[in-house]
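Order of writing sets the labels: A, B and C. Residues in every chain begin at 1.
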């Protein structure tokens, strides 16, 4: 019913400002810096966002992601750098002059206005005709499935309903860009999952550009086409979810996104396409040669827990490739049952510890290991990453 | 991090009108008090000189400055009446504030422990007398404390006394009046801090083995100290300068500084001495005033 | 909410005694205003005698009218100025003279009234202003705008700033955002501020005594001069009427804050 919603016709005021040349980015952030006193909250960020993209800014609290988002919305002005929407620099424009809308973390619904008036608020400011406002509000109410609640005040709504009103209000002006500040943080876990799916579906259907700020890496990975990871005001990696997880650029990113086993390297030897690396905690490991050449800098070998297999006697069928397989002996030191998977902590004979995550593929625990049992943890060279420390 | 810079500019424009008003009707008048306190008494209307006459030019202003004197302040420090009035004001304020804390704390504590919806009712019940006229509340006590008033009647009927007790024009009556009038000022800040306190803190203390008395003295009371500070200052400062209550309820043989000031001003028409008395009163209260101002500002701005 | 009552017997006793102490004297005053007898000792039955006497007292009526006019005008000006001051302090960030500004606004809240009254009188004398309605109104405005500023500022401080941001994000220039979102939300505090200013002005004896001129006494000045001469039943009656008026004001206030209670905590008058 809402499929005929035109794509991003918003910003009647700033019309013509942002009709990006085909293929060019919708939004270009160039060398943006924002300091509060001596603290550089955003420290030289450059980024392109394509039209129709679902982009996530991910990082721990205080990394500058919210400040960056607030600069896009116009609540902060950057000290340096440009923010181009289409071909117009909007860095110094005030919030009400931008064809960009934002969904606030706590929704910021006006408590004195009904659902209908909340949604119509931005439309009235755009001097839309009364009849058009009514049509648009009805459209939005249908879009977020809030029919029948138009006359309610925000405090008569559930958390999930409030989130929808906030979304409808931000979408009503048909912004060229929608900013979402921790959009799901206030929802409980079950609701969060279904809302994630709805947000993705909505974004795809409207063909709009979304930028979402989150500290939750699972949320970012689920929803976003691309993720920008921020740390201390800097954008440290921009990549799709899979690349971010399987090929993080640094040790810090690898630890921030998901769990990881890390072993500090002490020596390295080249062996064809492989490197033989001596570590203090896990003995000698064979890894695939990384794409970027390793300099003289210190580095670590990293393996995700689910890439590590456990067995009682070591790999059986791959006897022919024994040299190619990393094999670590140890005993089970800790067991953490998580439902879908079980995480085992294995104390290695070489002194270190590895975490292995094993899928619980059978209901009865025939495959389970018990505490202090002797096991072999093994993985292939391709499962290893080499990361600068 | 917020829309601060965007909002700040129009918000600052809002300051202009109240700023001008306060400078004109609060700050400038103080200049007058200071100046007149340094002037000579004269039998005239207005009863002081010199007045700065700006039309007379610079030399006249210089002459006016030369004519300023500190005689009034010398009088205040040399005459026992004034020294005694200041000391009495301070001692009355200290005693009354201690009484208020002693009486107000249990009430505020009881309020904070009421179920939530009763707390709102209790809060209104404390505020309502504050809204009813100050003078009326003092008058209500005159009704009760006078020679053939209700209190004496009750005491006589119960045969606790054989003849009417003199209550009015005593310090007891004055303290009753002060406590009665200022009780809401003590209760409200105390209640505000006590109500904000996490009930889990007291529960944790008793869980860790503290008996009720120890819970109160080790956890509740220390945490309520900001409220105690606010309540004490909120009562102490105005009580020092109090005029109406001692005037109506206490005897006239020992005066508080507010009364002395009033007397000098209205009865003796000695404006310079009254102004000097006001300056000294302000000087005495400067420290508590600054403390209170900081407390207020922190409370309002650091949310 | 807690299920088990945390009230001890001591708590209940202190609450009961405390509220009895606060309310009994006023209650007694109200009851005696309906006493037919002139003597407090004797209960002569219910009567409106003293109210009749009161309405025959021209001076008292005039003083009441003067007080009401002063209270209304000063409360209105004070609410305007105090709200502006609160906005400047709560939203103005740092600006030159801010410390002086907030100091000037907080000091009158606790400063002894004799000082405020005296200083304003000296100003009016120096300006050669005719003392009466306007001088008292100005004096009361100066005092009560500080109370309004505190009440409104505390409401502004507890308001979610992202509401204003959301309004701007949805197309409002800053001032418009303030008018269409912030102002309706702080309206209960502004109303409470007005009523606080009104009753403070109605209540004030000391400042009015300093700043008024001959022939324009306010009600408290009138009551004060009567009370100094001893207890008179007419005073009981006028006090009861003032209490009734204030009760009505408070009732309207609580009604107003109940109507807007969906907008979060209502502003306490202190």
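FYI, contacts are C-beta pairs under 8 Å (C-beta built on N, C-alpha and C of every residue); 3 or more make two chains touch, one makes a residue touch a chain.
Here's who's who by UniProt: A = Spermidine/putrescine import ATP-binding protein PotA; B, C = ABC transporter permease subunit.
Just so it is clear, the model here is predicted, and its values are computed rather than measured.
Interchain contacts join each chain to each other chain, per the touch definition above. More C-beta pairs in contact connect the chains of A-C than those of the other pair, out of A-C and A-B.
Per-chain Cα centroids separate subunit B from subunit C by 16 Å. For this pair, subunit A with subunit B, the centres built from the Cα atoms lie 58 Å apart.
Those residues of subunit C in touch with two or more other chains are numbered 165, 168, 174.
Residue positions 75, 94-95 of subunit A are each in touch with at least two other chains. Residue positions of subunit B touching 2 or more other chains: 2-3, 5-6. Of all residues in subunit A, only 36, 41, 66-67, 70, 75-77, 94-95 touch subunit B in the complex they form. Contact residues of subunit C toward subunit A in the complex are 160, 162-163, 165-174, 176-177, 181, 184-185, 260, 262-264.
Interface residues of subunit B, counted against subunit C in their complex, comprise 2-12, 14-15, 17-19, 21-23, 25-30, 32-33, 36, 46, 51, 103, 106-107, 109-111, 113-116, 122-144, 146, 148-150, 153, 180, 183-184, 187-188, 199, 212, 233-234, 237-238, 240-244, 248, 258, 261-262, 265-266, 271, 274-275, 278, 281-282, 285, 289, 292-293, 296-297, 300-301, 303. Here subunit B touches subunit A in the complex through residues 1-3, 5-6, going by the rule given at the top.
Within the complex, the subunit C residues that touch subunit B are 1-2, 5-8, 10-12, 14-15, 18-19, 21-23, 25-26, 28-29, 32, 39-41, 80-82, 84-85, 87-93, 95, 97, 101-116, 118-120, 122-123, 125-126, 138-139, 141-142, 145, 149-150, 153-154, 157-158, 161, 164-165, 168, 174-175, 178, 196, 199, 202-203, 205-206, 209-210, 220, 223-224, 227-228, 231, 235-236, 239, 242-243, 246-247, 249-250, 254, 268-270.
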